[in-house]
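Per-chain numbering from 1; labels A, B, C, D and E assigned in written order.
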Amino acid sequence: MTNPLSDPLQQGYVDYFYDQAGSSPGTLTIDEDASPTRIVVIDYNPHQARRIIVEQPEESADYLTTETVSWIDVQGLGDEDILRRLGQTFDLHPLVLEDVVNVPQRQKVEDFDDQLLIIARMVLPHPEGVGFVSEQVSFILHQQALLTIQEEPFHDSFGPVRKRIRLQKGLMRKMGADFLTYALLDAIIDGFFPVLELYGERLETLEDEILDNPTRETLNQVHSLKRELMNLRRLSWSQRDALSALLREDSPLISQEVKVYLRDCYDHSIQILDMVETYRDFAASLMDVYLSSVSNKMNEVMKVLTVISTIFIPLTFISGLYGMNFNPQVSPFNMPELSWYWGYPAVIATMLLISGSLSYLFWRRGWFSKVSP
Amino acid sequence: MTNPLSDPLQQGYVDYFYDQAGSSPGTLTIDEDASPTRIVVIDYNPHQARRIIVEQPEESADYLTTETVSWIDVQGLGDEDILRRLGQTFDLHPLVLEDVVNVPQRQKVEDFDDQLLIIARMVLPHPEGVGFVSEQVSFILHQQALLTIQEEPFHDSFGPVRKRIRLQKGLMRKMGADFLTYALLDAIIDGFFPVLELYGERLETLEDEILDNPTRETLNQVHSLKRELMNLRRLSWSQRDALSALLREDSPLISQEVKVYLRDCYDHSIQILDMVETYRDFAASLMDVYLSSVSNKMNEVMKVLTVISTIFIPLTFISGLYGMNFNPQVSPFNMPELSWYWGYPAVIATMLLISGSLSYLFWRRGWFSKVSP
Amino acid sequence: MTNPLSDPLQQGYVDYFYDQAGSSPGTLTIDEDASPTRIVVIDYNPHQARRIIVEQPEESADYLTTETVSWIDVQGLGDEDILRRLGQTFDLHPLVLEDVVNVPQRQKVEDFDDQLLIIARMVLPHPEGVGFVSEQVSFILHQQALLTIQEEPFHDSFGPVRKRIRLQKGLMRKMGADFLTYALLDAIIDGFFPVLELYGERLETLEDEILDNPTRETLNQVHSLKRELMNLRRLSWSQRDALSALLREDSPLISQEVKVYLRDCYDHSIQILDMVETYRDFAASLMDVYLSSVSNKMNEVMKVLTVISTIFIPLTFISGLYGMNFNPQVSPFNMPELSWYWGYPAVIATMLLISGSLSYLFWRRGWFSKVSP
Amino acid sequence: MTNPLSDPLQQGYVDYFYDQAGSSPGTLTIDEDASPTRIVVIDYNPHQARRIIVEQPEESADYLTTETVSWIDVQGLGDEDILRRLGQTFDLHPLVLEDVVNVPQRQKVEDFDDQLLIIARMVLPHPEGVGFVSEQVSFILHQQALLTIQEEPFHDSFGPVRKRIRLQKGLMRKMGADFLTYALLDAIIDGFFPVLELYGERLETLEDEILDNPTRETLNQVHSLKRELMNLRRLSWSQRDALSALLREDSPLISQEVKVYLRDCYDHSIQILDMVETYRDFAASLMDVYLSSVSNKMNEVMKVLTVISTIFIPLTFISGLYGMNFNPQVSPFNMPELSWYWGYPAVIATMLLISGSLSYLFWRRGWFSKVSP
Amino acid sequence: MTNPLSDPLQQGYVDYFYDQAGSSPGTLTIDEDASPTRIVVIDYNPHQARRIIVEQPEESADYLTTETVSWIDVQGLGDEDILRRLGQTFDLHPLVLEDVVNVPQRQKVEDFDDQLLIIARMVLPHPEGVGFVSEQVSFILHQQALLTIQEEPFHDSFGPVRKRIRLQKGLMRKMGADFLTYALLDAIIDGFFPVLELYGERLETLEDEILDNPTRETLNQVHSLKRELMNLRRLSWSQRDALSALLREDSPLISQEVKVYLRDCYDHSIQILDMVETYRDFAASLMDVYLSSVSNKMNEVMKVLTVISTIFIPLTFISGLYGMNFNPQVSPFNMPELSWYWGYPAVIATMLLISGSLSYLFWRRGWFSKVSP
């Protein structure tokens, strides 16, 4: 499993995680490049909020039963031992632990009565500016606690949520763990939009290029864009599917009040899908326009060749004609023109007439109109 | 968020509103170019109708509880303070206020027991003549009052509805706020048709151009048309989805009587979708025809080149042949033709024969038929 | 609203009727070209059948309550006054009257408890032979009476039904108004088949043309065909939707016995859809073949040019070579060939060898095989 | 209605049967080319089996009420009188008789309480080897008897079923008329596979041809193949729909035990659909490859022309240069090269240099690699 | 039925098994190339595990009723006698035996109350490195025993499962036959991923080739790839359908606990489908890029031809002009240039000027930019 952040070209091809065929369910596969695991707990109630770095996974168990809402945020999938102990501490189903650790998985929602598993995917613009990177975030929702497991510790879109907890902004501190889940999911969904905006800009740039002066490089770029949009589309569809399943899910862990918020989140996921689909259509249309442009260009090249050839070929023939060495002394029929007084001027005049007529014909047919650059 | 009216080129790319990732639900984002907010109340019962400009949002609260039907029309999204106070006055859910203010949103229907939120999108032909502009209109339906929030105060399609209220025309004044909602939604839906008619005309013009004399400019226009239709299609689909949800919604705020009218409205939204889809197919077919035309044209250019080249190349060769300087005095085999009595006429005759035969061959193959302009 | 019969070119573009945005429901829009309105009543029971021309719409009210089955056939939409009075006489919902008069509307079925509205569309081969014309027929079914409103009085597909009533043929006279509705709908559905047959024939002709000798005109015809099929497809889909809704409808106005017949009608509407979809696929495939043919033709043109050019260009070069004026007296290296005894025959032989070899090469590559017309 | 067996070209275009618009339900349309009608009864119980040729349709009524299972097989649709009397004998609904006689109809299932109508379509490889022919087979299932009506008497796929009855092979003789229906339907479904196998072989042949040496004939063949597959696909879809309806049907005429067998039959119909869809994708992909091949070929033709032209054009120019007749005696600048001692060899050397360099350039660019046949 | 392993080219075309039309249900068709049949029983409980090679099918019956879990693994379909006796021993429905033996069948699930039939398909990378081979595996689940029938004995993906049973790893030995079924199905599903990874790599290689230097061979490879992906897609769809049916199935043979595991398996089958669909889109996009590349290349060839021809044709004409043999002594108008002092230099200068101007024009138009290799 390569780190998608370090290898942007990898984006183009799907790389779902897969088990060794026939391996036992619950087998954890630790990527050797994976970041070391870190556990950060944020514990809050309407009156206060604390942030604790937890060293041993077992310590986090305390937060499960408190009255306060606890967000246990595990970052990095590099430490199998900690992850296993975490699984035991939180009493996770072996399959849950597998889905959480063996990234990437398809987004989904699974209900285990007293726990709700949500696999989501955070999308971020690629740090080097082209395309996007994505990172799996798994949510395991308990009654009063939320366990999240992130693939990477380096960056996430959750900063503003943390700030809202710290600053007691909005409803955040007054609501339960389900609202926290919503807030984080919403941050993930909203994170798709800047990525889409970048694609919108790239499409616009490419469109200008294609209409103005398409080159082979343009083609390659449209192709990459299409490839990336295909992947983004896949992500968006499964995102939407997972959110739809979450709304249909009748888990007691999610209150009716929060469902209203989740519906809003779901609406945004459909917006994203709408946009991705529309972008894909745009990209396909650009490809068509590119093809037409190439044909158009070839057409113009051909016109130049045809105009020049067609005008000069008869002239060259005529000049060749009078370059023949027939002996005029043998016969009065042997090229007497060569000895006429007005011979040369007459030939030149004929040539001008021919080239003029042909030029006029081509001009009438509009072949000159597009010949200018 | 740019004003879609001031930037027609912006139309081509989707620009849904999106929150800063992780921001609190209910955050209002006021676009600095947004028009100042104005509140116009139209209050009527079967016997009379009044139009009041309300300065402070709190004043409009009075109209919620009266026996009369009240239409509180908020125009322009520029004043955060007024919008916030409006939200408090009408007891709006924070998400509702967010959806209403942070435009554009996808069309949708949401039921909040004593309120019904409908997000719609008004479509108008672009004032400069090409394409369309669109504007979000949000409906919040109460028992006896309708709150509408329009993105722009400058123009809407609601003039005839206002007139019908003023003139006591039709059922308008006899029915409740749900009928008013229908009347306005119907005006929005009917507003799609003139836009579509413009597209129909553009398609027809482009078709004529493509069949007659396609240029590169034509290609660009077909491409823009396709792009705009893709956007219009997206709007139409979500429109239809929202209306379908409204029909399925079992809200007590909408009477059975009005549902019959809404079903008619829904039928029209399907008509619109039908037309947009058919137009999209037409546009795709035009692209194909364009491509074929370009190939056809290249074919004709090639034919001209081939006919001219093929006829003259052998002639030029022959003339070149007799332009060689072999010394006839050295050998009887060295171009004795040059000294024949009928040498030159014979060569000319041969040339005429060759060019005649080739022309006949090309004519038989039909290569001249399409060479004329 | 142009009369679709008088303007065949209009067919290509969708022209649904649309209200002035914001107009009151029930507004009737009378097209000034519309035909004058005529009312024909056919009243029958198992024992007898009468045909009455009714002058005043109010007179037709009598037929609503009789024991006999009455078919009140209104032809032509030119007379607003008559249509309005008809609406009052039959107690039509304002929306029904609007849908009936403001043509064209999408096909649909609407249940008003004691009335059932069916909007259908009759399709006829175009009188001038290419394409089709269509005309809205609205059915308003009462317990013992059927009110139909046709857009045009000039022609319809109902002749055989009238004959069956007159001649007491089949079940016609023994059954109620619901069977009459079925019989008329069935006539409308069956009217699609001759239109489709014409398209089948056009497809076959175009296919022959494309495989034999495609011209630009062929392309235009394929394009028109595709455009017309797109429209026909839209009609067929909404036809099917309307019939499916009719079958699901639980109206007491339609007996179980007649439902069996309607199911047959529905099956035929699916057959029509099948055929239209298959024709559309055929037309799309023809477009592909056309494009390939154009490429093929260009290929052949190119081959002719290449064969001729490639054979003669080296020969011309050689002849040019020996046309150079180097002075043989200055140096023994200056073109001594020109003074050789076998010089000229050797050059001719070389030329024959070159052209022979090249011809052989081209023949081996199969470039001559397709050069023949 | 043409006999699809006698007119293989007819296959390409859909020819559903259609009534004269407005004709009475139950109108039988006898095609004058239709084969004479023949009735064969096979009557069996676990102990014995008889085969009787029945002359008068009324005689077959006896078999309806016997304890034995009776298969009344009507072959050929040429005799209206017999068919009508058959309808009366078996108490068929007029629409049933119409569907059975007026072929072709879409495959379907219709439940008439004490009778079950199944319209199926038998598919056979075309006797002349290319494509397929199809024939309608209608099943009318009674409690202890099965009435089948075949379009053609000449051949069917039922031979093995008859043999199984005769030889008391398998379950055949122990089960009821519903099992017989299954056995015949299964024979029909299994009859699709040899047809598909032929298409698989044709696809393979065409693929080889396209990759090796595509000609215009290849294109025509791919096109026909696509057209035939479109028709086959239509048949397969409606087959699947009919079988799915049969499985959902809750008729007492079909026992649970036989439903297991029918489910197997349904699975096979989905297999067929899978294969047809995959073949269609293959054919579409072949079309793409064909187009690319044509472009590739043109590319190679162009390369030959360009290489030859580009190498010889400069040489011809040079030889033309030294063919000019400037008078060297007038001026020392007038083509003194012509009188140099090494003039001619220098020019030849220059020419060799130019053509060598250009050839090298073209070789480096890989233009020679594909020029070989 | 050819052995798909021995004939890799066969992969491209669907080869479902089909009965001789009309054959009795339950007819077994033994392929003469099929491997001999071998029966291996693995019998285990939490405390121990045994592996027994069974000679006579009847012996395996003992394992049906033991308390232990028994996995009866039948490998190879070559021995009709053994297979028939197996069917009797396990009391298999004739259709089950037919589906199991007459490979290949579509994947499916069928519930026979006390038995559950699952037809699955194992996919393996092709041993020779390109493409994949597949093999049918049928599961017949009893209360405490699982009968599996594999097409081939040579290799399967079940090694790790056997090892887990032997080593008492994970839950394996503690759970029932349903968990064993899950474990084997999971091994089959996980076996798709390495195959997909190979396709991902091939796509990447082809993409590089197409963007760098597409040849005709590249086209053929993209085509094969598409064809194989079409087949893989068909397999994946029916896999997903079968697993979805398995989850919906309410069989008492599968415990709720195992259903959780099967849901995970189902999720993976959707991942596979996602990937196959995305790969198919990639392959289609590659085809487009290929076509564009071919056009681009032709464009460049044309540019070379046009640049060279257009520059030299006028020069050649001029040189031809002064090669005419007009007699300067007859008239002062007859080519006096030939005798000018600066004649030749002037002509050379003109030629340089013309070629310079044309080169500049072409350079400005960017025709040189892409001419370099």
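What we mean here is this: a contact is a pair of C-beta atoms (placed from the backbone, for glycine too) under 8 Å apart; a residue touches a chain by one contact, two chains touch by 3 or more.
Everything numeric here is computed off the predicted structure, so don't read it as measured data.
Considering the contact criterion stated above, the chains in touch with chain C and with chain E alike are D. Work out the mean CA point of chain B and of chain E, and you get 40 Å between them.
Each chain gets one centre point, the mean of its Cα atoms, and the points for chain B and chain C are 25 Å apart. Residue positions of chain A with contacts to 2 or more other chains are 291, 295, 298, 302, 305, 309, 313, 316, 320, 323-325, 335. Viewed as a contact network, the protein chains form a single closed ring in which every chain touches exactly two others. The cyclic arrangement of chains, taken from chain D and going next to chain E, is D, E, A, B, C. Within the complex, the chain B residues that touch chain A are 12-16, 18-26, 93-95, 99, 105-106, 108, 110, 213, 215-216, 219-220, 223, 226-227, 230-231, 234, 238, 287, 290-291, 294-295, 297-298, 301-302, 304-305, 308-309, 312-313, 315-316, 319-320, 322-325, 335, 337-345, 347, 373. The part of chain E that touches chain A in the complex is made up of residues 157-161, 164, 169-172, 183, 186-188, 190-191, 193-194, 196, 200, 203-204, 211, 260-261, 263-264, 267-268, 270-271, 274-275, 278-279, 281-282, 285, 288-289, 291-293, 295-296, 298-299, 302-303, 305-306, 309-310, 313-314, 316-317, 320-321, 323-327, 330-331, 333-335, 364-367, 369-370.
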